[in-house]
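See below for the structure under consideration.
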Amino acid sequence: MSSTFNGNISFSVFGESHGPAIGVCIDNVPPGESIDMDKLMAFMARRAPKKDKTSTQRREKDMPQIMSGFLNGKTTGTPLCALIQNTDQHSNDYAALSRLARPGHADYTGALRYRGFNDVRGGGHFSGRLTAPLCFAGAVCAQILEKRGIYVGAHIQEIHGIKDKRLDPIHTTRDMIIDLHEKDFPTLDDAKGAGMKADIEKARMSQDSVGGIIECVAINVPAGIGSPIFDGLENTIAQLVFGIPAVKGLEFGAGFDVAKMLGSENNDEFYVDERGHVVTRTNNHGGILGGISSGMPITLRVAFKPTPSISQPQETVDYSALKNETLVIKGRHDPCVVPRAVPCVEAAVNIALLNHMLEYPNF
Amino acid sequence: MSSTFNGNISFSVFGESHGPAIGVCIDNVPPGESIDMDKLMAFMARRAPKKDKTSTQRREKDMPQIMSGFLNGKTTGTPLCALIQNTDQHSNDYAALSRLARPGHADYTGALRYRGFNDVRGGGHFSGRLTAPLCFAGAVCAQILEKRGIYVGAHIQEIHGIKDKRLDPIHTTRDMIIDLHEKDFPTLDDAKGAGMKADIEKARMSQDSVGGIIECVAINVPAGIGSPIFDGLENTIAQLVFGIPAVKGLEFGAGFDVAKMLGSENNDEFYVDERGHVVTRTNNHGGILGGISSGMPITLRVAFKPTPSISQPQETVDYSALKNETLVIKGRHDPCVVPRAVPCVEAAVNIALLNHMLEYPNF
Amino acid sequence: MSSTFNGNISFSVFGESHGPAIGVCIDNVPPGESIDMDKLMAFMARRAPKKDKTSTQRREKDMPQIMSGFLNGKTTGTPLCALIQNTDQHSNDYAALSRLARPGHADYTGALRYRGFNDVRGGGHFSGRLTAPLCFAGAVCAQILEKRGIYVGAHIQEIHGIKDKRLDPIHTTRDMIIDLHEKDFPTLDDAKGAGMKADIEKARMSQDSVGGIIECVAINVPAGIGSPIFDGLENTIAQLVFGIPAVKGLEFGAGFDVAKMLGSENNDEFYVDERGHVVTRTNNHGGILGGISSGMPITLRVAFKPTPSISQPQETVDYSALKNETLVIKGRHDPCVVPRAVPCVEAAVNIALLNHMLEYPNF
Amino acid sequence: MSSTFNGNISFSVFGESHGPAIGVCIDNVPPGESIDMDKLMAFMARRAPKKDKTSTQRREKDMPQIMSGFLNGKTTGTPLCALIQNTDQHSNDYAALSRLARPGHADYTGALRYRGFNDVRGGGHFSGRLTAPLCFAGAVCAQILEKRGIYVGAHIQEIHGIKDKRLDPIHTTRDMIIDLHEKDFPTLDDAKGAGMKADIEKARMSQDSVGGIIECVAINVPAGIGSPIFDGLENTIAQLVFGIPAVKGLEFGAGFDVAKMLGSENNDEFYVDERGHVVTRTNNHGGILGGISSGMPITLRVAFKPTPSISQPQETVDYSALKNETLVIKGRHDPCVVPRAVPCVEAAVNIALLNHMLEYPNF
């Protein structure tokens, strides 16, 4: 199943970049949850191409039309299907791609997987555009979680080696998260953000692209959510996060830095705080122990490769004719996917959290 | 489902560290595959405690008894269940743990998840011992894949900051992988390995523990295996790898380093090689594009935290009484889980690969 | 998951009778399969309301719009989503139903399941209209199977006690099946069909409705398809067939008649026929043994209850006020669902067969 | 997945009739449920061969050994694995079967499905013996449900045309169900039961076998359990019931009789009873509307074919040599599977009910 997530919530993402529409069908959304469409659109707008030069010049409203499962402003509990029409395709830009594999792209592997029958225009089903339905699903889940006090926020933590501060893994608040949601280019340190934007613009001017890292936090997740071994929070977040194009790495809490640590440094000692809650003094475990939430903030970092579509000439192959060729990619592409991927990472985490919270009584 | 992986192959891992037995039930193994039990035992022996001081002093034969799905040396195609008896438990060592949360462990989160009814002796179902059935399943899959020329190998790439060389992401061969399989402490550079072992011993002597990184490669995976979005090779490997206790991070190909790269550096240019195969000159993509294998070696790195069970006194809580306590952990624990986790990572990758290869005709 | 089937093919049916649209998202359709849209529309037309008086007077074109997964007349292999706009709703007819439970309907149980938030107009997600997307999925599968020589056909075998002949469980041919597909009121004996139609009209005139039985056959299914215990052909067909509203019973081969038989009567003796094929002399097993196809025609019968929506006054409850009421149902309803359910049963069987055939190499 | 049920509860049945052991691994059993082992053994004893002549002379204790997920008399919430050793095999009886297809059996279809590698001794994985682990799982679920007041009972409603009374679909009580559980040959009318037993003995003496029908009821299931379309109570019960060997038909409520009824006869009118509960005056719907429980007793009937293993000479094929042969089956076989299948049907219904009840808050 390429495009289906099956859990307590199931959803299927469908569509091709240059087909009639893309969308998502979500099953097992709880009934009676009010969805504020303005808020939902604000979530999705964060994924839409930026008005500045950090992203593709393709412009689409990405207005989801809800086809089912929603009545009088509330979820009905039956499958929630949303459609997003494709409107601003320039399919001609992609004519040559049906033969030439773009380096770093799924053109070649997709052609093998689908025996040459898949739609290659604009990347087809592999397009980053398919993160719009992911964001729709994530935005719905976020609203359901926020009503229970759970907030998920993310920021651009690194672009091409320029690093933002790290999120506070203990004291991040709802207000800090909402502040990030409202930023056009979400960093904690705006001066660093300005440097990143300049670097992205520089890459764009060089017909190049840059990669980066998104850091994400979820606060107020109740302790005890998730399951051991293959169905923990980390497993589910991982399955969803690796569904976002260009992701090459994922770490929780102290992540890869644990390789340099002693147990006595890494272990997060527990104590009972003034409210009588069990908490930890540090949060190297990233809020998850044995696949299950500890009640501490859940923290993760996701590495995104530089946009593979760059307009410099590149050596590649014509995989039909099996001969070497030089490719010059046309079309409109983001010089960096990271800014637009921020809500996508949040979406994946929101879906994973709601998925596991539905296992529990009294949700 | 805590402990069940559902794909083209499904399997459930069951058991507690101090219960009668642990095991695994694997469904949809192809029929007629011969399994060499000596080879399987050799795979599992790599996970067993080492005879030297890098690992726990608990000694168990970990002899899997096959209960079903296997006849005359071959798989029958019906569910394959294997049982591993528990024999060398020291349950008394764990008496106090039923109240005191070990820092870095799932004692507290497990108690919440299972409302206090789970078996806490030896970590119960959260024990690293549950990787033995994972290795059984992985060893079966490895034998099936090796007959098709596909080999998966891993090495200890870092321990507490001491780094081994990296695997060659282009030219790693079957012989190099078999060589790693046969090493007691698998590193590429044995001098580095000696340093790592000394460091582990030093941690042990200090009643401490260390973390590390395992690097893994799979060669000769046919191009075109896997699916986009939520059911790609990365998603499946991630779901399984995060099922190994102590894993905090996972990256493919250039991994987190992509955050420092330009697209023109990261993109792997394609060319047609002398055999007429489509290959890439570099392998930053780690053999996977759009969730689908490219035919290049699949490469990944997995970060493991230091063993949380250290015998230094640690501050923690009695989570029944909700009061602060000091804990001194007894029992036998690995000062570093990384050496024993090497076959576990290989197991996860073997299972993920076979899972996706079963989707294809003429497997 | 209310409305999702997960197998080698997965699909989700979505929509409400009086919402903007209904539809289906199908994942894992094989790539490169040509779909003849005229033929597909002909399949769906058989489910549409009949022009005579045996069915509801609601008239909708039921024109599926394919949103994804289809290019140049062929499936791409990526998710295939089809949308059917709702156009001819008379929502006012249903105003009273939001309080009064229609006997034999899911109004009351649906209100409990969805805590009162589901759309009750026209039955909402419980509407028989949701069989249109099922038929779309079935029609796609049928075309894929027919190219491999596999044909599924069904007829009305009983209406309100009036019985058609039974299908020949050994010698039914492709031509006989196509003949049934082309009939407006598919029976083997047209005189019996005329009697059934008269009986339906009589029920309609009495503000009543009638039930019946559909018999279905699938020919040329290769032997060896399906799996034992919970994933056999019978299990999958059953899961799908009980997804058609109004179904109350399902039997395979000799079905309930086996309760009256001796083993020596019921056992179907095998022999090698003139082509060298292993076949049986009788077909009480209905083409399935141990969940797996035997190569003989697959035969099944499905019982449908009389349409519960009848316009006679009926005693019922107002389940909000918890008091007894008398209900007179308005709106347009089929006096018998059986004629329109014939392609629905075929759809379920086609989907189940393709689902299991995808397990096999060289499909 | 041949032998795995995946729902809110998942379980895998494993083993072969003549292998070392059979068993079941159940995932997602709620934690903290006490299991009375005597009661569990009593449930399983009802499936064991009867001491009289109505069943096979094979004698096994069928003592399940719990390997995991159970501590201090209570479920832990982690996977519950139980093993049943095989002890009384007469494998020699089956030597010839490896070539000759027993009519009515899965020998031929199993050989194709598993390409000749499956264990054919005693029917292997297709053996009725695999209903022992099903009964184990069902008995666990039954105890969990009974603590919530939900009882499932079944009786032999027909053997070879001899019919017992039908269960009262409105007024069946817990005591009536417990009474059935305690009967060695559960019928409502013992005189009819005596006639059935005589008929079974007569078939046995004629080297023949007989089929029959089991009727089952579940009482006190809360209204609102289950989901529409593909995940309703009927779908799940059907998927599980068709996992019991020899089942050829399944109906709910009025079942196939609906084909003879008018809507005005079949519709079950609602009323508010003296307790203020919404109930129906009749129960043709069998307690399920739209896949969801109505609060009325859930009723179903299951048709079982005569045991295919009869010792009369039968015409069949040697499917290796593809030639016609005469077969005389040796070994010990039930002249009728129906008496031993009574707890199997109950098991399937108990599992299906618990599976759906776990979806609901406050379970």
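Which chain is which? They are A, B, C and D, in the order written, and residues in each are numbered from 1.
The rule is short, and it goes like this: a contact is a pair of C-beta atoms (placed from the backbone, for glycine too) under 8 Å apart; a residue touches a chain by one contact, two chains touch by 3 or more.
A quick note: this is a predicted structure, and the numbers were derived from the prediction, not measured.
A.B. asks: Counting hops between chains that touch, how far apart are chain A and chain C?
C.D. replies: 1
A.B. asks: Which chain's mean C-alpha position is the greatest distance from chain D's?
C.D. replies: Here the answer is chain A, farthest from chain D.
A.B. asks: Counting shared numbers against all numbers at the contact of chain B and chain D, is it over half, same, or under half, different?
C.D. replies: Both copies, chain B as well as chain D, present the same residues to each other, with over half of the numbers appearing on both sides.
A.B. asks: For chain C and chain D, let me know how many angstrom lie between their CA-based centres, rounded off.
C.D. replies: 26
A.B. asks: Report the inter-chain centroid distance for chain A and chain D in whole angstrom, where each centroid is the mean of the CA atoms.
C.D. replies: The answer is 46 Å.
A.B. asks: Could you grab the centroid distance between chain B and chain D? Build each centroid from C-alpha atoms only and quote it in angstrom.
C.D. replies: The mean C-alpha positions of chain B and chain D differ by 39 Å.
A.B. asks: So which stretches of chain C touch two or more other chains?
C.D. replies: 1-4, 6, 13, 78, 113, 125, 228
A.B. asks: Can you check the complex and tell me which residues of chain B touch chain D?
C.D. replies: Residue list for chain B touching chain D: 1-4, 6, 10, 12-16, 19-23, 25, 27-28, 31-32, 65-69, 71, 74-81, 83, 113-119, 124-125.
A.B. asks: Help me check something: in the complex, which residues belonging to chain D touch chain C?
C.D. replies: 1-6, 13, 101, 103-106, 108-110, 112-113, 125-126, 130, 158-161, 203, 208-213, 223-232, 234-235, 238-243, 245, 247-256, 258-272, 276, 278, 280-281, 284-286, 288-294, 301, 303-310, 312, 314-317, 319, 322-324
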